[in-house]
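Chain lettering (A, B and C) follows the sequence in which the chains are written, and residue indices restart at 1 in each chain.
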Amino acid sequence: MDRELQGTITLPEEGRTLASGEQEFVLDVRTQDMELNMGPQHPATHGVMRILVRTDGELVTGAQPHLGYLHRCAEKIGENVEWLQYLPYTDRYDYLAAMNNNIGYSMAVEAVMGIEIPRRAEMLRVICAELNRIGSHLIAFGTYGLDLGAITPFLYAFREREWMMSLFEKICGARLTYSYIRIGGVFNDAPPGWLGEVSRFCDTFEVKWREYYDLLIENQIFVGRTADVGVIPRDMALDFGLTGPMLRGSGVDFDLRRDMPYSLYEEIHDAGAFKIPVGTGEKGTLGDCWDRVWVRVVEMMESVGIVRWCLENIEPGPVIGDIPKTLRVPAGEAYVGIENPRGELGHYVVSDGDKVATRCRVRGPSFCNLAVVEEILSGTLLGDSVAIIGSTDVVIGETDR
Amino acid sequence: MVTVSRYFNNVWKSFWTTMVGMRITGRYLLQKPITVQYPDERMPIPNRYRGIHYLEQEKCIDCLACARACPIDCIEMDAVRHGKELEWISFTLDYQKCMFCELCVYPCPKDCIHMGTEYAFVTYDRSEFKHDLLSYKGMSRDAKIRMVDADKKKAEKEAAKAAKPAHEEAAESAPEEGAEDAGAE
Amino acid sequence: MGFLQEKVAELGSGTNLIRELLAGAPRPELVPDWAIPLTAVFIGVGILLAIVSLCAMFGTWLERKVSGHIQCRYGPMRAGWHGWLQPLADGVKLLLKEDLIPLGADRVLFVIAPALVLSSILGAMAVMPLAPDFFFADAPMGVFLILALTSTTTIGVIMAGWASNSKWSLYGAMREAAQVVAYEIPLGVSLLVPLMVAGTFNLSEASAGQAGGFGIFGWYIWPVGFGTEGFSLGNPFMIPALVLVFVAVLAETKRAPFDLPETESELVAGFLTEYSGIRWSFFFMEEYAAMFLYCVVASFFFLGGFNSPLTWVFEDGGLLPNVFLFNVMAFVTIVVKGFLGMFVMMWVRWTLPRLRIDQVMTMGYKYLTPLSLLCVLGAGLWEWGKWMIVG
C-alpha cells in the first residue's frame, strides 16, 4: 500500500514475462508497455539479429534476442563435404576473423591426424591470426562508436583495417574470407617484402592507436555512455560461460592463449611479448561496457607486440607439411579451442577414417556471449540497450552459423 | 564540496576531451584524403588476387580434379574425347555459387586453371553468372591437325594390318569414325 | 478588403518599392491597390524560400565535404567541381521520389507537419536582417521572436512523429519535445548576457553597437574592446556565454551530440523514419536553415554581426564610404559568419559520440541552466559595477 502511494509499482507478472528476476521500477507515471522490434534490419544490431524489446517509455523492461536469420547449416555442411572443402565455410561464420576460424578448424583436424606443422607455418599463422584480431577489434571498436553516434572513429578504424586487409590480399588473394590456413600449415609462403610491410603496419598502427584512444575511449561523453552501463559482474560472467573480452572485461583473467596455450603462444608469452588486459572498472563499475571496450582496444596493442615478436623470430623453411590432396583423416575425435577475437572458438571434429567428417561441431563465442544480453538489458534505457548489444561484439554469422 | 568539485571537474573534462577530439579530427580535415576516386583510379591488385577464373584451355585434360575439389560443385565441364584430343562443349563456373576459395586451383595436375585479377562481374540476368571459361568451343586447330595426323597414322597402321585378312572389320570402322567427327564439326 | 489593405500597407519598403517601379509602367491604374502589397509578400516569401533552400543546399554540401575530409575521404566529387552541384542532384532526386504516406498514418497531420516545420523557420528567417538596409521585418524584439518562432518547429516534429504511426517516430518526437523544452531555458538565459551588454533586442542595433575597431575589435566578445568610442571594457562573461549558447544551439537544432530525435543507431531515423522525398527534405531544410539562423544570431550578438574588416572599409567613417558596397559586404559578412558557425557545429558533430537521453536532460537542467544563470549573474554584476565606477 505504501509503495503505491510512493509511486513505486511492481510490474504485473504478464507485463514482464521477458524480464528475468524480480525487479521493481520507480515510475512517476504508469504508461502502456510497448513492444519494439529491434531488427532484423536495424542499424545497431550488427547484422540480422532481432531483439524484441519491451519498453516502458525509454525504459527497457525486457528483451529477448531472436536468432537464426543467418543460419546456413555450417555444421551440417561440415559433415557433407571433404575435410579441406569445409575450410572456406569456416571463413564464413565469424567473417571478421576468418583467419582465426581457419586456424581453429585446421588445428582440430591436425589434432585428429596427429601431425606437426612446420615452424614457419606456425609463425605465419600467428602473424595472420593476430593481424586479424587487430582487424576484428578495429571493427568492434569502430562499430561501437557508430552505435554511440561517433561516426568518425569508425572510418579511422576502417582505414587501418583496410591496410590489414590489403596485407592479407597480398598473402592469400582474398580480403575477407581468406582460407589461407590449410590443414598442415599455410598454403603459400609470404610474398617478398610482405613481412617488412607488416612491420611498417605495426609502426603506423601504434601511432594511430593513440588517436583512437584519445578520440573515443577517453572522451567524456563516451565514458558517460559506457561506464556503469550493462554491468556484468564476475560471477554472472562465469555463470553464463562468457569468454574473450567479455569475460576479461568482467575482471576474470583468462585467455586461452596463455592459460591453455596452443601453437606458439606459450613461447611468445614466455618471451614476454604480450600481456592479457583485464578490466579494472577504471571509469565505473567492474564489468561495464567501458571495460569491455577498453579490453578490446588494449588487446590490439598486445597483438601488435605478438606480431613484432614473430617478425623478429621468423626463419625460412617450409610452410606446409606433406599433406595428400585428398585427405583421409584417421578415426578419432578432437576438440580444439582457440582464442578468437570474440572468445573461445571451439571445433569438435569426429572422424571415422573417411574423407568426410562424421561430426563437425562449432562452439561459437558470439553465441555464448549473446546469451547474457537478455539478462543485462532489462532495466536499462533504450539508448543503453544499443550500447550493451554493441559491447558484446556479436557477429551474427557466427551466432547463427 | 566534493560534489561541487566533481561537478566542475565533469564540465572541464567534457570540454577538454571534446577539444582533444576536435584537434584530432581537425588535423585530418587538413590532410589529403587516403581514398581513391574509384572508377578513375584503382587500388593496385596483388598477383595472388582471387578474382574471376581463367582457364588455359590448351593444357586442360578434362580430368575433373577441379570440379571434385570444389566445395559447392560450381564447376561443370563437358568434352568429348577423340583419342588424346578433346572436343570442348562447355566449361562453366557458376558465380552465383562460387566463393572464391581457390581450392579448385591446387589439385589441377596440368596447372591450367587460375584465378585472375578481374573482380567486377556485373550482369543483367542471373543466368549470365554461369560463366563459360572456354575461349573456343569444339577443337582447337592444333588439336584438329594432331587428331587428323593421328587418324592418318592410325589409318595407315590399320591399312598395313588390313593386308592380313583377320582384321577386316577393324579396317572398315576407322574411316567411318573420322567421317562422323567431320560432320559434327 | 480594407482591413487587409491596412495591414499589408504596413509592410513598408517592399510595397513602396513596387509602387515606384509601377509608376514607370504605361497604365499603372489597371493594377488594383490590394495587389501591390500582396505581390510584395509573395516576393518576400520567395526570397526567404530561396535563402532557406540555398542554406540547406550549401549546408549539405559543406557537411558532406567536412565529414568526408575529417574521415580521410573526399565526399561528393562527381557533380561539378568537388561535387558542388551534388545538392542540386539530390534535390532533383528527392523531388522525383515516390511520395509515400504509410498505411495507418494520420494523413492530414503527416502532410501538414513538414509544411509547419518549414513555415516556422521561414518566419524566423524574416526577422534576420540580411544587410543594414535590407530586411524583411526589423522587429524590436528580434531575438525573442526568432527563439519563439524556431521553437514552434517542435510542434511540427511532434506532429510528424505522432502521425507516422511508427514506434520509432514516436520515440523521436517525444525526445524532441523533452529536449527542446530543456534547452530553451539555457539558450534564452545565456542570450541575456549579450542583451545586457548591447542593451537592445534588435539585431541591427546590436550590430551597429559593435562598429569600429577595424571591424573586429569592436565586437562584444572581447573582454577589452576598441570600438567607435576608443578603448572600452567589455564583459568577460561573454566568452562562456558564447560557449553556452553554442551548446544550447546544438541541442536546439538537433545536431550531434544532441541528435536524440534522429539517433540513427537507436531509433532508425527517429521522427524522420517514415518520411521520404520532398517531405523529408523539408525537415532537412529546416535543420540547416535553423543552424544558419542561430549562427547568424549568435554572430550578431557576440561576433560583430555586420562588422568585419570588409564592411569596415566601406562604412561611413571608413576608407571608401560606399553605401551599396557596404550593404553587399555586410551580407557577405553574415553569410560567412553563419557558415563558419555551421562549420564548427559540423566539426563537433563528426568528432563526438551521442549523449543518452537522460544525459541530455541532465546536461540541460543540471549543467547548462545553472551555468547560464551564473553567467547572467556575473555579467549583470560586472555591468552594474562598470556603471557604478565608470558611470
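Criterion: a residue touches a chain if its C-beta (ideal position, glycine included) is under 8 Å from a C-beta of that chain, and two chains touch if they have at least 3 such contacts.
No experiment lies behind these values; they were computed from the predicted model shown.
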Which chain wins if you rank chains by how close their C-alpha centre is to the centre of all protein C-alpha atoms?
A
Report back the single chain whose CA centre is most distant from the CA centre of chain B.
C
Report the inter-chain centroid distance for chain B and chain C in whole angstrom, where each centroid is the mean of the CA atoms.
59
How many Å are there between the centre of chain A and the centre of chain B, using C-alpha atoms for each centre?
33
Where the centres are mean C-alpha positions, what is the separation of chain A from chain C, in Å?
46
By the touch definition above, chain B meets two or more other chains at residues 10, 18, 21, 24-25, 28, 34
Flagged in chain A as touching 2+ other chains are 152, 156, 159, 215-216, 219, 221
Counting only residues that touch at least two other chains, what does the list for chain C look like?
70-73, 350-352
Using the touch definition up top, name the residues of chain C that touch chain B in the complex.
66, 68-74, 77, 243, 347-348, 350-352, 367, 371
In the complex, chain C residues that touch chain A
67, 70-73, 167, 171, 174, 256-257, 259, 263-268, 350-359
Seen from chain A, its contact residues with chain B in the complex are 81-82, 84-89, 91-92, 152, 156, 159, 166, 169-174, 177, 179, 187-188, 191, 211, 214-216, 218-221, 325
Listed in rising order, chain B residues that touch chain A in their complex are 10, 13-14, 16-18, 20-21, 24-25, 28, 34, 43, 45-50, 69-71, 99-103, 106-107, 115
Of all residues in chain A, those that touch chain C in their complex:
34, 36, 42-44, 57-58, 145-152, 155-156, 159, 215-216, 219, 221-222, 224-225, 381-386
